[in-house]
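Chain naming follows the written order as A, B, C and D, and within any one chain the residues start at number 1.
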Amino acid sequence: MARKPIRSDLAWSTVDRIVVRGKDLPGEIIGHLNLGDMAFLELTGKVPNEKESKLFNAMAVTLVEHGVTPSALAARLTFLGAPEAMQAAVAAGLCGLGSVFVGSTEGVAKMLSETTDVAKLLENKRIPGLGHPLHKPVDPRTRRLFELARETGHYGKYCKAMEEIAKAKNLVLNATGAIGALACELGLDWRAVRGIGVMARAVGLVGHLLEESRQPIAEEVWHRIEDEASSHLKPK
Amino acid sequence: MARKPIRSDLAWSTVDRIVVRGKDLPGEIIGHLNLGDMAFLELTGKVPNEKESKLFNAMAVTLVEHGVTPSALAARLTFLGAPEAMQAAVAAGLCGLGSVFVGSTEGVAKMLSETTDVAKLLENKRIPGLGHPLHKPVDPRTRRLFELARETGHYGKYCKAMEEIAKAKNLVLNATGAIGALACELGLDWRAVRGIGVMARAVGLVGHLLEESRQPIAEEVWHRIEDEASSHLKPK
Amino acid sequence: MARKPIRSDLAWSTVDRIVVRGKDLPGEIIGHLNLGDMAFLELTGKVPNEKESKLFNAMAVTLVEHGVTPSALAARLTFLGAPEAMQAAVAAGLCGLGSVFVGSTEGVAKMLSETTDVAKLLENKRIPGLGHPLHKPVDPRTRRLFELARETGHYGKYCKAMEEIAKAKNLVLNATGAIGALACELGLDWRAVRGIGVMARAVGLVGHLLEESRQPIAEEVWHRIEDEASSHLKPK
Amino acid sequence: MARKPIRSDLAWSTVDRIVVRGKDLPGEIIGHLNLGDMAFLELTGKVPNEKESKLFNAMAVTLVEHGVTPSALAARLTFLGAPEAMQAAVAAGLCGLGSVFVGSTEGVAKMLSETTDVAKLLENKRIPGLGHPLHKPVDPRTRRLFELARETGHYGKYCKAMEEIAKAKNLVLNATGAIGALACELGLDWRAVRGIGVMARAVGLVGHLLEESRQPIAEEVWHRIEDEASSHLKPK
């Protein structure tokens, strides 16, 4: 059977060279790019200019730490059972970044990459990126991110469309909505956008696991919940 | 039963405020810290100064992209079956960052946090962070990272110890060895050090999944390997 | 804030008793139920009768082992990096059981739980459970499973509907299609159906990891693919 | 470079045949083996005889359901964020089956596969499989499993050794200790033993996710814990 070729353009190395995305790793990346710039390089194949760097890093840091989320709890509970495998605890935490939480950034970017016609967009039954249980009428992250977008010349049609939609719906434009729009402004492929949240949360989850190793909560959470959950079943 | 308190110091929010590690997220973090700085804040509770930022970001970007590793392949093969759940594909890729690959950074940091007495260290049967199948006699990443360590005033006893050990063992000091030592120079808790690799690879894995969505290899890998693996069993 | 109660009806224990789903674990389960029966109990709250046991176990064993699948490869590649954490390698393998592979059982069960009107079902653009790249015109697993369904009195309207659909579409009714239909015949909740494949594959993945520990292939897969994937980038 | 062959002996298929571990899947497995037997076949290459089947299934069902464990909570919290990816929620739950919980079965089997000399074994600093926070002085699962071992002619030197050790240490021989010993009696490779717990819990986790989809607790757990965890940080 004829075989298809297998190709990846991301990296190669020889005895004395390591090249990532066409850049010499020791000579052009290490000491030159910060972690957010490196992510931008991975997602676009280009080193960001100063403005892109500022905005992309801002988007990423926004998503790093949201306190004791379901994802952070899952990671901590996993670490309780397998402290020798921190990577698996981070992995467990990431598994929940689906349609309900971080995934909405992708939904916004995908939607806007199809059209920015607000009237058309408003025909959608469910529009991602809107509403927040706590931060209303304004999500302070959105305000700050759009301020940076203006500063760096990236406040354009995608941001405008989301702001108009939020206004029309009388809902707050939340941080995932802002980030989805900004990803479009930066020309990112919508298929990479959920990944911004995934990588950012990986950073935050390491923080949670370090805290868990010093100031554990998972065991207490477990005992409380288990006791309550089964108390109606036990003989009195 | 008396209960233990449940506490996390990482973040809190109210209607109009979001505070992470004691810093106002919109006011002091977004637009001010890059993603590596944010990771440093998560791991130490402190915003890095310029030199720490440069070195820590350098360490992190070193670990982002190593081409088609087992971890990247696992992520791509997972994505083939569940393209709707990119987060789970990243998670699958992270699960393999254990004792054999990225975990050695942790081993080095733990070892050096116990002693930097080279004679004592050389008594260990297995010393992590040494040797490389390809990059010898010098790992170009180590050279570059230690150059930056000198530049930023972080080349100290931990780096020296590892260099002496590598010399005594006549083995290359690889990038994970260098990063383990530098983590100690920066005062990071050894329990967080594997996490630097985990977060960095999360970034790289998103890059692989984006490439997989455009230029897939997983299906071809699967068919080739499956065919070869079972060909001796099939009737001729 | 008023709190909602937290309740789970699955299990409870005291010093000398352990009760699962209302059954005494040592007295009524261990030594009485096989692993498939136990799964049935978990999913329905009932111990299966002999016929249900036979059919449900048949469905589950069908999905255990499919050779070197993408999922098995992901597990083996993960194990290469973290052999100390076999559970994480199984987890990595499971992460890919999404919409493309095992998930189609769920699709079939959900579809049939809404209607068994074949004319209506044929209006769907995409019908899951049909077609197979290799097994045609008959999937031998489907034939066998439906034979058992007849034997145990569980060949009913769901099986019939799928067979008619396959005929109308001139496609093979594959094993996931048969299992989706049989799950409906057994009265299982469609939301549990993907889980049959997930648990079955967990069994198979342990088999793969045991083989990998004795007769490894992951490292060779990695080297071959990495070499080929980056060969076009390297200087000649 | 010369390549190593890639081989797996687990399964093969052609247009009309599917063979797993040398057995015809439709003809010799489906309808003949229950899920535990299939697991035994995967782990040993042999179909269990009636006694082996009884004992192995008993071991596996013992580990399926332990109520609201950290692992079950991690799965449920993951499902809250990604209900479309049940497989990833099961995966998250499995990631925590490490050294602290289920992994001890492996520790016992490995230890006993090296020696059954009780005096020597007692020299070990830490002996896995002993002690239980709740079930004392007897773990009712151990009693039942050893009863079945006697019934099926599998109560031998491994079981005896563990019972003597427990007596000497004045600790309860818990279910994981019993299962580790029984795995040795059945001739299982110690490297497969953690896998028995992993596959069993995969079954149980599907049960938890089905219950979570009907009677959710994850969101309430999250809100309670998040509120308490950060209450000391918030302005009064």
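Just so it is clear, a contact is a pair of C-beta atoms (placed from the backbone, for glycine too) under 8 Å apart; a residue touches a chain by one contact, two chains touch by 3 or more.
Bear in mind that the values here come from a model prediction, so they are computed numbers and not experimental data.
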{"item": "B-D or A-D, whichever has more C-beta pairs in contact", "value": "A-D"}
{"item": "Approximate Å spacing (C-alpha centroids) for the pair chain B, chain D", "value": "30"}
{"item": "Distance between the centres, which are taken as Cα means, of chain D and chain A, whole angstrom", "value": "34"}
{"item": "Residues of chain B whose C-beta touches two or more other chains", "value": "6-9, 11-12, 14, 67-68, 82, 84-85, 87-88, 91-92, 95-98, 102-103, 217, 221, 225, 229-230"}
{"item": "Chain-level touch network, classified as line, ring, star, complete or other", "value": "complete"}
{"item": "Chain D contact footprint on chain A (complex, rising order)", "value": "67-71, 73-75, 77-85, 88-89, 91-93, 95-103, 217-219, 221-222, 225-226, 229-230"}
{"item": "Residue ranges of chain A touching chain B (in the complex, touch as defined)", "value": "1, 3-4, 6-18, 20-21, 25-27, 29-31, 33-39, 42-43, 53-54, 57-58, 60-62, 64-68, 85-88, 90-92, 94-98, 102-103, 134-136, 138, 140-141, 143-145, 147-148, 189, 191-192, 194-196, 198-200, 202-204, 206-211, 213, 215, 217, 220-221, 224, 227"}
{"item": "Chain A to chain C touching residues, read off their complex", "value": "5-9, 11-12, 14, 19, 82, 84-85, 87-88, 91-92, 95, 225, 228-230, 232-235"}
